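There are two complexes below, and they share chain A, which is joined by chain B in the first and by chain C in the second.
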Partner chain A sequence: MKMRRIYVNEKWCLGCHLCEYNCAFSNSAETDMVKALKDVHINPRIRIEEEGNIHFAVSCRHCEEPLCVKGCIMGALSIEDGVIMIDQDKCVGCCTCILMCPYGAIMPSDTGVMQKCELCVKNAGGTPACVESCPNRAIVFEER
Partner chain B sequence: MKYVIIGNSAAAIGCIEGIRQQDKNGEITVIAGEPHHTYSRPAISYLLCGKTTEERMKYRPDDFYQKMNCTVMLGRNVTRIEPEEKWLFLEDGTAVEYDKLLIATGSRPFVPGIEGLEGVKEQYTFMSLDDAMALDEALGSGGRVLIMGAGLIGLKCAEGIARKAGSIDVVDLADRILPSILDAEAARPVQEHIEKQGIQFHLGDGVQKFKGNTAVLSSGKEIGFDILVVAVGVRPNVELAREAGIEVRKGIVTDERCGTSLPDIYAAGDCTESYDITTGEHKPLALLPNAYMQGECAGFNMAGSSKTYDRAIPMNAIGFFDLHMITAGSYDGECFIRKNGGDYKMLVSKDGVLKGFILIGDVARAGIYTSLIREQTPLETVDYELIKEKPQLMAFSRTERAKKLGGAAV
Partner chain C sequence: MAINFLYPDHEVVRNPQRCIACRVCERQCANEVHSYDEELNLMKADDTKCVNCHRCVSLCPTMALKIVKTDHTFKENANWTGETIKELYRQAGTGGVLLSSMGNPKPYPVYWDRLLINASQVTNPSIDPLREPMETRAYLGKKPERIERDQNGEIVNNLTPQLELNVPIMFSAMSYGSISYNAHESLARAARELGTLYNTGEGGLHEDFYEYSANTIVQVASGRFGVYKDYLNAGAAVEIKMGQGAKPGIGGHLPGQKIVGDVSRTRMIPEGSDAISPAPHHDIYSIEDLRQLVYSLKEATDYKKPVIVKIAAVHNVAAIASGVARSGADIIAIDGFRGGTGAAPTRIRDNVGIPIELALASVDQRLRDEGIRNNVSIVVGGSIRSSADVVKAIALGADAVYIATGALLALGCHLCRSCQTGKCNWGIATQEPELVKRLNPDVGSERLVNLVHAWEHEIKEIMGGMGINSIEALKGNRLMLRGIGLNEKELEILGVKYAGE
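And now, the complex of A and B:
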């Protein structure tokens, strides 16, 4: 499906982790970034990998053939207009999606059920907060 | 086009979704013996321990069949398929015609013949929603439970009823728990973890006979119980297919398009054999993701498109009392083992590819390992040392990462 997705260009990634903080803030119920993040162990849906001078962010690819959706034992993962969404009410935290995802882009939330990038379509942001906050355009939201 | 699907679980739902990606208008009829809206079979243990409800464990929303424009005939059993005429019969004599048929009849619990078993009044299996409800009712607020089988089903059952049961004893012929997914070393700490919940194991031992509500084990040990759960394994439901003249070994034989040996008849899920790419063996892989993907593949092909499913591997994500484990593939090859506190990791490589893994405790990003197995990625093309450390995309080449994260391969 032709749609905008999040793409990463590791050449431009500074490893500043702003995407992680903004992801965590955007998906928190807080309106104040300080309250959302200060002294909190953040659990963002986008994660930086780093080794030496290589850094890059990894988040859900919103695959056209999403193995997580096909494998979900509860039917908690679904595709809505191309976006892979998780119904945390249905999720029992069995981790089958972690077993399935080739990118390692789905992980437990603080409550034990799974969480994943939903392109900020359901949170206050509306557009992906990681993209908005990336100072070097290493993360972009584009149709390719 | 008239599509008929026998079954209403993961493979059947995969098939419906596969067909509807190709054909919005063909008639789809779903026939299943169970009277329920499609539900998650593995969820029954979560239902018993209160982590889900009958409502939330529905595998698809209430309006699914309507949205997918399916006719559903639930609580109806197919008794015969006549491939020459392309119709099938239900037990009340109703004939249903098809152009393309999917057999997704699943599997059923295997109940071994044991002396005195027929005299055990409170005996249950643990496969369906009705099984779970019956067991729950029998338990009421307690009772001594004996579970035969320390495999995935037996232990999920144990977890499901742990709070309610007065006591739980688990017997298995194997010398370790979860023998289908764990090796002896990995099984030990998991067993200890489960024992801490008050569950008692009797391993390398089997029930020789029942004397009323007492099980006499081969070792001579006697275990009294109020409720027996038989969870020693499952058998594919292949009778319908076999009687129709379809080739059957342990399960229904299918090709990589999920077609059977007869034209216009497809099969998917627990009733079939899969080709395990890690061992080169054909065998039933009774796993929900496998069932869904086979069903979806069959659906595409039934609707005239072309799709293959040729990446089957054994794989399981399971947890007991908050201890998670993820396993995949087979364990014959060179092993890399790392233990770290309560975490356990084993990676198995052979012929230059990853063949299998076991992760206990820390299961983060396990799918990166799974994909190495599924794609049979030559390990020389990745940094295996980094991969051993933890599953990470850093271990792939820059070019490969650009594909994965930069959209070249979306």
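And now, the complex of A and C:
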């Protein structure tokens, strides 16, 4: 499906981790970043993979044929307008999706059920927080 | 251990209530100011390493950081200021020449700020640039003295090569080596989009940037780095650099550790060797010698490209410019003493040269008096800070201006004046790949284009207010300027009347 997705240009990723903090903040239901993240061990839906001088952010690619959705035993994962969404009330935390996802883009939330990037459609709306906060335009939200 | 005489200039102030210990500051500081204490879950800062470049401040997501000037003080007085004492201690410790970067920071008069611009009232209507055409185009080069006709009476095109600029603002010379690949790409892309030119500086032209050749001025300086036939022909114009405002009479020295990979290939010198630009061109000791180089370059470029001669604004600048105007050069670029640099001896930067405003006024007047003003166009640089400075420069007689410090600020430079360390946190004055990548040319070129567009709008507004609808009509129109807080001599050199006159 033609839609805008989050892409990461490794060439411009500085490994500053601001995307992770802004992801955690935007999914926190708080309006103040300090209140949301002070003394909190963050559990963001986008993660920086890095070693030495190589860094890049990884988040859900919203695959056209998502293995996580196929594998979900509870039907908690679904595709809505191309965006892969998770119904956390249905998820039982069996972790099948984690095993299925080839990118490591789905992970347990703090409550034990799974969490994943939903392109910020449920919270901020518009541009995803990681894209908005990237200081070097390494993370872009575009149709390819 | 030797006694440490120096207290840090700046202190990093962290608001512990706001800091979320995300460690962005730590990851982004190439000077290793910030560190994280895992046991205490606390960020710490080492003020001695801070250069006050604001990278951490700008990236802190909770605005928990600020940098303040230390209030620690020497028992200073008007003669022995804290700065003077500190520099003396530094030299007593190292025995070395003090180095600084960017332009002259001393409180000499800024004449731009003592010139006021006119506006129309009642008798000559002002022009609204949003409704009426307003011309900001500028042509640089020698203008023909007379109309020539052939035996059939047809007009002969005797116009020598010209540079056409959509706005009278160009990016001045900064070499690849002194600034990064991404900074160069940002400048080149912005120049193309704006319909103006950027300048390679003396470091040669990276092979990737030959595609921007229509918007490139290639420079030939005393070190002649990277100069060969294709390079000369790659530019829209060739600039001979005789001097630089920040360090008149002084050559350049790019340390060997910056001559790596592409920089070495572009400069055509071995990796790790120091790139030393001699103070003079060793083949130029007179105007006649300069003329030889001007014509050698014209010969090499088939007389298709204007030749610019760039000089620093020094005491006899008017006489020097008169000689340059007779040397065959098409354009004279004059660089004032507030012009920037990647590194210069502090004493030279702070004490040598003269303000560009006075240099420009006296050069323009001298060339008019001698009837050779049309032999050359005049481009001025050396701290043009705003569109108002551009308008004042043109009214004083410039055909266009050069900006570089302003352009770097647009790219993120915070004037921390530590270029010489090579650890620019903004990815500008560095060759370290991890730092260079911090300047994404998509972002950089966009910010440069924004800046020049903003200035262009303002220039049109200011010109419209004066009832002037083209740069051409403003050029040398000193009646549009009045001085304030200036003495008789200054007014005489600037060729302007006092406010109220």
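Everything that follows uses one rule, which is that the second predicted complex is superposed on the first by the 141 of 144 C-alpha atoms of A that agree within 3 Å, B and C clash if a C-alpha of one lies under 4 Å from a C-alpha of the other, contacts with A are read in each partner's own complex, and residues count from 1 in each chain.
As a working rule, a contact is a pair of C-beta atoms (placed from the backbone, for glycine too) under 8 Å apart; a residue touches a chain by one contact, two chains touch by 3 or more.
Owing to the predicted nature of the structure, the values given are computational and were not obtained by experimental measurement.
When both complexes are superposed on chain A, chain B and chain C fit side by side without a clash. Of the two partner chains, neither chain B nor chain C is touched by A:121. Of the two partner chains placed by the overlay, only chain B lies in contact with A:56; chain C stays clear of it. With both structures placed on the common chain, the touch criterion links A:135 to chain C but leaves chain B unconnected. Looking at the superposition, the partner that touches the larger set of chain A residues, chain B or chain C, turns out to be B.
Across the superposed structures, the minimum distance from chain B to chain C, using CA atoms, reads 16 Å. The residues of chain A shared by its contacts with chain B and with chain C come to none at all. Those residues of chain A whose C-beta lies close enough to touch chain B in the complex are 5, 7-10, 49-51, 54, 56-58, 61, 63-64, 67, 70-71, 73-75, 89-90, 92-104, 106-107, 142, 144. Across the complex, chain A is touched by residues 14, 40, 42-43, 46, 51-52, 56-60, 288-289, 292-293, 296, 315-319, 324, 326, 328, 363-368, 370-371, 374, 386, 391-394, 398, 401-402, 404-407, 410 of chain B.
Against chain A, in their complex, chain C makes its touches with residues 17-20, 22-24, 27-28, 41, 58-59, 61-62, 433-434, 437-438, 440, 442-443. Listed in rising order, the residues of chain A touching chain C in the complex are 11-12, 14-18, 21-22, 25, 33-34, 37-40, 53, 133, 135-138.
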